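In the part that follows, the structures are each spelled out as C-alpha cells.
Across the two complexes that follow, chain A remains constant while its partner is chain B and subsequently chain C.
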Partner chain A sequence: MSRLRFREVSLSPRATALTTLLALLAAIAAGALLLFITGVELRPAAQIMFTGALGSFRGLADTLTLAIPLLLAGLGVAIAFKAGFWNIGAEGQIFMGGFAVAWVALTLGDGLPSIIFVPLLIAAGFAAGALWGLIPALLKIRWKVHEVISTILLNHIAILWVNFVVHGPLNDGFGMPFSPILPRAAWLDRFLGTRLHEGVFIAVIAAIAIYILLKYTSLGFKLRLVGANPRAARNCGISPATIIVIAMIIGGGLAGIAGMSEITGVQRRLLDRFSPGFGFTAIGVAMLGKLHPAGVVVSAFFFGALMRGSRALQTGMGVPIAIADIFVAIVIIFLVGGVLLARYRPVWGKKEVNGKDV
Partner chain B sequence: MKRRISGLVCACLALLLAVSLVALGCPPQPVVDPVPVDIVTVGAIYIGPIGDYGWSYVAHRDLSYLAEKYDWIEYIYADAVPFPEAEGVIRDFIDKGATVIIAHSFGYRGVLHMLAPEFPEVKFHFPGGFQGHLMPNVATYYWNEYEVRYLTGLIAGKMTETNVLGFVAAHPILRLIWGINAHIYAAQRVNPDVTVHVTFAGVWYNPPLEKEIAHSLIDLGADFISYHTDSPAAGIAAQKRGVFAFGKALCLVPFAPDAAVTTALLDWTTLFKYLIQGVRDGTWQTGVFDWGMAEGTVKMAPLGPMVPPELREQIELKAQQIREGELIVPRFDDPKW
Partner chain C sequence: MFVEMRGITKTFGPVLANDRIDFTIDRGEIVGLLGENGSGKTTSMNVLYGMYPPDKGEILIEGRPARLKSPRDAIRHRIGMVHQHFMLIPSFTVTENVLLGTNGERFLGSSETQTIEHLANENGLTVSSTAVVSGLAVGQRQQVEILKMLYRNAQVLIFDEPTSVLTPQETEVLFNSMRSMAVAGRAIVFITHKLDEVFAVSTRIVVLRRGRVVFQSAIADADKDKVIHSMVEQEITKAQLTDSALSSESEVILQVDKLSALNDYELPALDGVSFRIHRGEILGIAGVSGNGQTELAEVITQLRPATAGRIVLLGEDTGRKAATWVQDRIAHIPESRLETGIAPTMTVGENLGMKDFPKFCKTGMLRLRAFLSWGRDLIKQFEIDTPSINEHAANLSGGNLQRVILARELSRGVRIIIAAYPTHGLDIAAAEYARQLLLAQRKAGSGILLISEDLDELFSLSDRIAVLYRGKIVRIAPTRELGLREVGMMMMGQQGSRERRG
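Moving on to the complex of A and B:
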C-alpha cells in the first residue's frame, strides 16, 4: 500500500542556508499577513520594528540586553541537546540561578568589593542552575524518568519557589512580590545610559568557551558521540550517564548565570516572574542556531531583536501586545519549524526496507 | 438633578453675559488661551491589558478622554507590561518626548526610583505610595476606595444571611488593607457575628484565578463577594452562584446584573488633569495625592434593588456625609482603629 512517508535526508550547507532563508521569508510573510488582517499598516510597522530593535542606539542596546540571557540559556540548552538530553528546563534553571544570586547578595550585604562579589555571584548562579539541571539528569539515569516531563515540572517548582521567596523570606516589606534592592557592589555595571550591562562579556566568553569545549576537547567529542549514538558511545567505553550529568551541570549552570546576569544587571532585585520566558525562547534559540555556539550567538541576537521589535510595535503603533506576541510566535514557529522539517523529505511510495523511515 | 440645574444656571449666565456685551458694544472676543500651547506628552504603562474592564481599563479610558479633550495633551501607552519589563518601556517613552510618566501600578515604584535621578525633567507618578516614597520628581496618587468599602461593609453586615463575607484581594499592600479593613470594620460594627474571609491572589490580573478564589469563598458560605483585583471576574462568579457582589472601579451591573449591589466607581479625570496641568504650567510639585469621594475621584454607584429602602436611605446619607467631609472613614494605620 503506498502512502505518504517522510525520509530523513542530510542537507548540503548550501541547501541548509537556502531553507533557512526561505523559512525566514515565509515567517515574515506570515507575520505580515497577521498584522495586515488585524489592520496594522505594514510599512510603518516594519519601520518601527527595525528602528526599535536595531536602527537606534538605545534600541540596539536593548536588543543586546535581551540577547544576553537568551544566549546564555541557549548555550545551556544547546549543550544538553548535543548530548541527546531534551532539556526543557532552562526557565527553571534561570529562576533558581536568580534566586541563589539574590539570596547570597542580600545575605552578604555591602561588605565585599565588586571584584570579589561579582565572581562569587556568578559561581552562585552557576551552582544553583547546575543543581537544578542535575535533578532531571539523575532522575533519568536512576529511574528512567523522561527528561521532558521532569524538566517541565521542575520549571514550575522553580518559578513558584521564587514566588514564595519574594512574598516571604526575601520580601522588602511593602507587600509586593519583590526583594529589597541588592547591594551596590553586586550590580553588573551598565554602559552609556542604556540597559546594556557587563553580562554581555560573560555571555560572549561563555559562547567561546563552549565552542572550544565542543570542538577541541575530548569531553566535547564524547558529548557529541553520546548525543549521536549512545550505544556506540558505550561500546567505546564512554559512560553516557556520566556525560549526561556533565552536560546538565554545564547547561544548567549556564542558564543559572543567565538568571544571575538578569538579576544583577537589569533588575537589581529578585522579583516574581523576572524572566518573561527566556528559558523557553532559549529552546528556539538553540534549535535555530543548530546547536552550534556561533549559530546560537546569531540566533540569540535575532530573537532579542524580535522581542524588542514587538515591544516597539506596541509602544510605537499601539498594536495590542497580544498581537505583537502572536507575531513573534509565528516567526519562531516558521523559522524553527522550517529549519527542523527541512531535514525530512516527503516520499510517496511503499515502505522502504533499507531506507530510514520516520 | 443638581448637575442639570447648575448647567441651566451656567447657560443663563452665559446668555446674560453675551447680551450685556453686545449691549455695551463690545465685539465678542475669541477665547485665547494665555499660556502658549506646549504639548505635554503623557506616557502611561499598565500592568494588565487595557481591556481588563477594571483598573487599567478605567485609567486608559480617562487618559484617552483627557487627550481628546485637550489638544495640548499627547497620550502614549503600553499595556500588559510586567514589572521586569517596565524600565525599557518607560525609557522608550522618554525617548519619544514624554515628560509625564504615569506608571499605573504600585509595583513600578522601584523602577521609577531608579530612573528618576537620571531624568530630572520628567515627572514620574505611581499609585498607592506614601510620603517616604516621594522624590523631587516622583509623586504618588491614589483613590480612597476605602470610603466606599466602609459603606459596602455596612450593607453586607446588615444584609448577610450566612454571616460570612468573602474578599478577593490581589497583593497584601497597605492601600488594599485599608479597604479590606474598612469593609471588615463596618460589617462587624453592624453585625458582630460576621466573619470575613480574605484571600490574596498574588497577582493583579488573572481572571481565571480571581474567579476560582471567588468560588472557593462562596463555598465557604460567603453570600457577599468584594474584590480588589483588576478584572470583574470575581463579581461574575458571584452572579453565577447567585450571591451578591460589590464592584470595583468599573460599574459591575453590565457584568453581573443580579449580583451587583453597588460599585466603588473610579474616575481619574480630575486628578490626572490636575497633575498634567501642573507640568504644563510649571507648578508641578511632588506629593501624595490621595483623592476620594470629596474630590469626585471615588463615587458610589446607585444601590441595586436588593437593598431594602430603610438601609438604602441610611447608606445614601452616609455617602453624602463622606462626600461633604462630615464623616471621616478611618484608615488602617490611624490610631482610631
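Moving on to the complex of A and C:
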C-alpha cells in the first residue's frame, strides 16, 4: 500500500542553520505580502522597522528591554519542555511574579537598602512563579490533568487576579487600574536615559545558569533524560514526577522573575495587563531557540526586535495594531514551523516493517 | 471454495515471511491457524486482508482472481479482519463506531441502531448497540470490532490472536459467537498459539512453520502430539553449558515469592509466581508471549507494581526499598528497546551513562570529561558501531542499540540480570555476541533471568527452565530433565509427558 508518510531525521548543524535561514526569508516574504495586500508601502515600512528595532540607539535599547522578559520566560518554558512538560503557563507565572513583587515591595515600603531589597524581590518573584508553576505539575502527577489545559486556565486566573488587585487591595486610590509607584529602592536602574534596565543582567545570568544546569549537572542530566524518555528514566531509578516538579519550580520561577523585572524595571508599579503576552511569545522563543539556552538568548533578542519593529510600524506608518500583530504572528509561524517541521522528510512508499511478527 | 490462496510468497527485506503458501477456506469452516511467532501466520492473513501485496501467488474469491490492494478492497470482497489491537473511538457509542467510515454515517441515530442490535443477537454477541465504548470491557470492545466487520457484510472473518486479551469467560462467549457465525454460513480464520482453543472451536487446522504450511487436517483426524511436533523445530544446537557447577548450596541471589500483577488492561497477568535464582545460574522462562513474561520482568525491575507477593534481592526484601536501591542491584535488558532501554534523542554517551552518571558527579556537578572517556572505553569494549560518542542514539541500528544497552547494563558489575528477549530482532552475529556476554556473566557468578521465545536459545543457555502459561509457572526443572516437545506442549497449555530428552 503506497502512501505519503513522514520520517523523522536528525539534521546536521549546517542543515539546521540553512533551514532557519530559509524559514526566515520565507517569513519575511510572507509578512511583506501581508503588508502589501493591506496597502502598506514596503520600502519605507522595512526602513522604519529596522530603524525602530535595531538601527538606532533608542530602538536597540527598546529591543533589549523587550528581550529581557522574553529571555527569562523563554528559559522557563524551555526547561519545562526539556523535561517533557508542556508548560503553556508562562504568562500566568509572569503575572503572579509581578503581583508578588508589587505586594512585597509596597508592604515593606521605603527603608530597605536597594542591595537587599532587589534580591528579596527577585526571590519573591521566583517563589510566586514557582508556586504557580507547581500547581499544574501536581495536578498532572496526582490526577493526570493535562498540563496544556491546566496551564492555559491558570493563565486566565493569574491575569484576572492582577486585574482584581489593581482595582482593589493594591489600588493607588485614584481609580486608575494600577497600584501606587513602588518604593525607589525596589527599582531596577535604567541606563543612559533609555528604558533598558538592570534586568538584562539577571536574564543573562539566568541563561548561563540554565546552560550549566543542563549540561554540567546531575540534575540537568536527569531532567533531559525524563524529557527524552520517562520510561527509560524510571528504568534507571529516576522518578519522572520528582523531576517534573523541580523543572516546573525552576521554569515557573524564571517566568516569575520575568514579571519581577517588568514591574521593577519598566513599569515601577503593578498595573492591569502589564505583560502584552510575553509568556505566550516565550513559547515561540523557546521553540525557535531549540530549547538550548544560547539559542533562547538569540531568539529572545530576535523576538524583541520583531515586537519593537512592529510597534514602530504602528507609530511611524499608522499601520493598525491588528495588522502589526498579524505580521509578528506570521513570522513566528514560519520560523518555528520551519525549524520544527524540517526534521520530517516526506516519504512516498510502502509501510516499513521492522521484522516484527512477519 | 470461498477463498483460495495459491502459492503466496512474501518477503520483508531478507526475511522470507511466507513461502509458497496454499490456503483455502469455505463457508461454514472455522480454520485454526497455528504456528510459533515469526512463522508467518499474521503475514499470510494480512496479505488476504489487503494489507500488503504478495510478491508471488494469487488469491481467488469464489473462483475468480481478486486483486486486494487495500483492506478496503478486501472488505469489498467480503473479507474482514479483527485485529489484536482495537481501533475504536472511546467516546462514541457502539452504533456510531460501527457506522463510522461507511455510508451508514448518514443514518446516524436512525433505524441503524436496531439493525446492529439485530446483527449482534443473530451472531451470539452480547454487547448493546447503544452503549458507549469507553464503558465497555475488553471482550465487548472486541465484539464491536466484529460487528464492524459483520455490518460491512464480511463473509470471511479473520481473528488475529483474539483470545490473548480475553478472560476465560469472554473467550467462551467469543467461541460461541464464532460457532454461530460458521453455522450461518460464514468462514472463520482463527490465528492463535493456543492448542486447546484450536481443538475447542475449529473444524480444520493449519500449521505454519518458517513461512510454510507444514501440517493440515480436519480437526477430527488431528492428533495433538503430531501438531506440536510439526510446530516446533526439532534440530537443537549443542548446549553451550559445559560447566554446570551449580549446586543447591550456592547463594540465592534473586527470590520471587507468590508474585502477582496486572497487565495494561488491568487483567491478571501474573498469578502467584515463585522461583529462586542462584549465583552462576541462568533460569530460562519459556512461554508464548502474552503469558506474563513482560509483566514478570517489569515487576522485578519496578516498572510495574506487584499486586501480591514479594521480591528478595541478595537477601533483602525490596518492598520498602527506594527505586534507586533496586536499580543499583539489577541489570535490565528490556524487551522494548526503544521504549524502555534507550532515549533516542539523547547521545550514545548519555545512553551509556544513563544509570552510571551518578558515579561521575561531585556535589551535583557532572564531570563531563571523565564521563565521556569512560563512555568511549565502553564503545570500544563492546564494539559499538557509532560515528561518535555524541551521535544521537536514534541514528544507530537495532543491533548497535542492543550493544549500547548491554554495555550499560553489564559493565556495572551488577550480579542480577533480567534479560528479556535479548536477541530478538538481531542478526546472527549480534545475537551470538549477546549470548556469549550472558554466558560470561554467568561464569562470573551472576544470576540471570532469561526470557525468550526461542526454545533453542533457552535450551542452550539455561541451567533450569520454567514454563509460564497464563501467568503461572507450569513446570520448573533443570534443563537436562526437560524435553523440547514437552516444553512446547506446556507452552501451549498442555501438560507435558515426562519424557526425557535423549
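One rule holds for everything that comes next: the second predicted complex is superposed on the first by the 353 of 358 C-alpha atoms of A that agree within 3 Å, B and C clash if a C-alpha of one lies under 4 Å from a C-alpha of the other, contacts with A are read in each partner's own complex, and residues count from 1 in each chain.
Criterion: a contact is a pair of C-beta atoms (placed from the backbone, for glycine too) under 8 Å apart; a residue touches a chain by one contact, two chains touch by 3 or more.
Just so we're clear, the structure is a prediction, and the values are computed from it rather than from any experiment.
In the three-chain model built by superposing on chain A, chain B and chain C fit together without any clash. In the superposition on chain A, contact of A:H167 is made with chain B only, not with chain C. In the overlay built on the shared chain, the residue A:T315 is in contact with chain B alone; chain C does not reach it. Residue contacts after overlaying the shared chain place A:N235 against chain C, while chain B stays out of touching range. By the touch criterion stated above, A:P276 is placed in contact with chain B alone, chain C being left untouched. Touch criterion not met for A:T19: it reaches neither chain B nor chain C.
Touch criterion not met for A:Q47: it reaches neither chain B nor chain C. With both structures placed on the common chain, the touch criterion links A:P177 to chain B but leaves chain C unconnected.
Put simply, chain B and chain C get as close as 34 Å, counting only Cα atoms, in the superposed view.
By the touch criterion given at the top, residues 1, 8, 10, 215-221, 224-225, 228-229, 231-239, 350-351, 353-358 of chain A touch chain C in their complex. By the touch rule above, chain B contacts chain A in their complex via residues 49, 76-85, 87-89, 91-93, 95-96, 106-107, 109-110, 114, 118, 171-174, 176, 202.
Residues 52, 58, 62, 65, 163, 167, 174-178, 181, 193, 195, 266-269, 271-276, 308, 311-312, 314-315, 318, 320-322 of chain A are the ones touching chain B in the complex. Residues 12-13, 15, 17, 37-38, 40, 42-43, 50-53, 69-70, 301-303, 322-328, 332, 334, 339-346, 350, 354-355, 357-358, 361, 364-366, 368, 392, 394-395, 398, 425 of chain C are the ones that touch chain A when the two sit in their complex.
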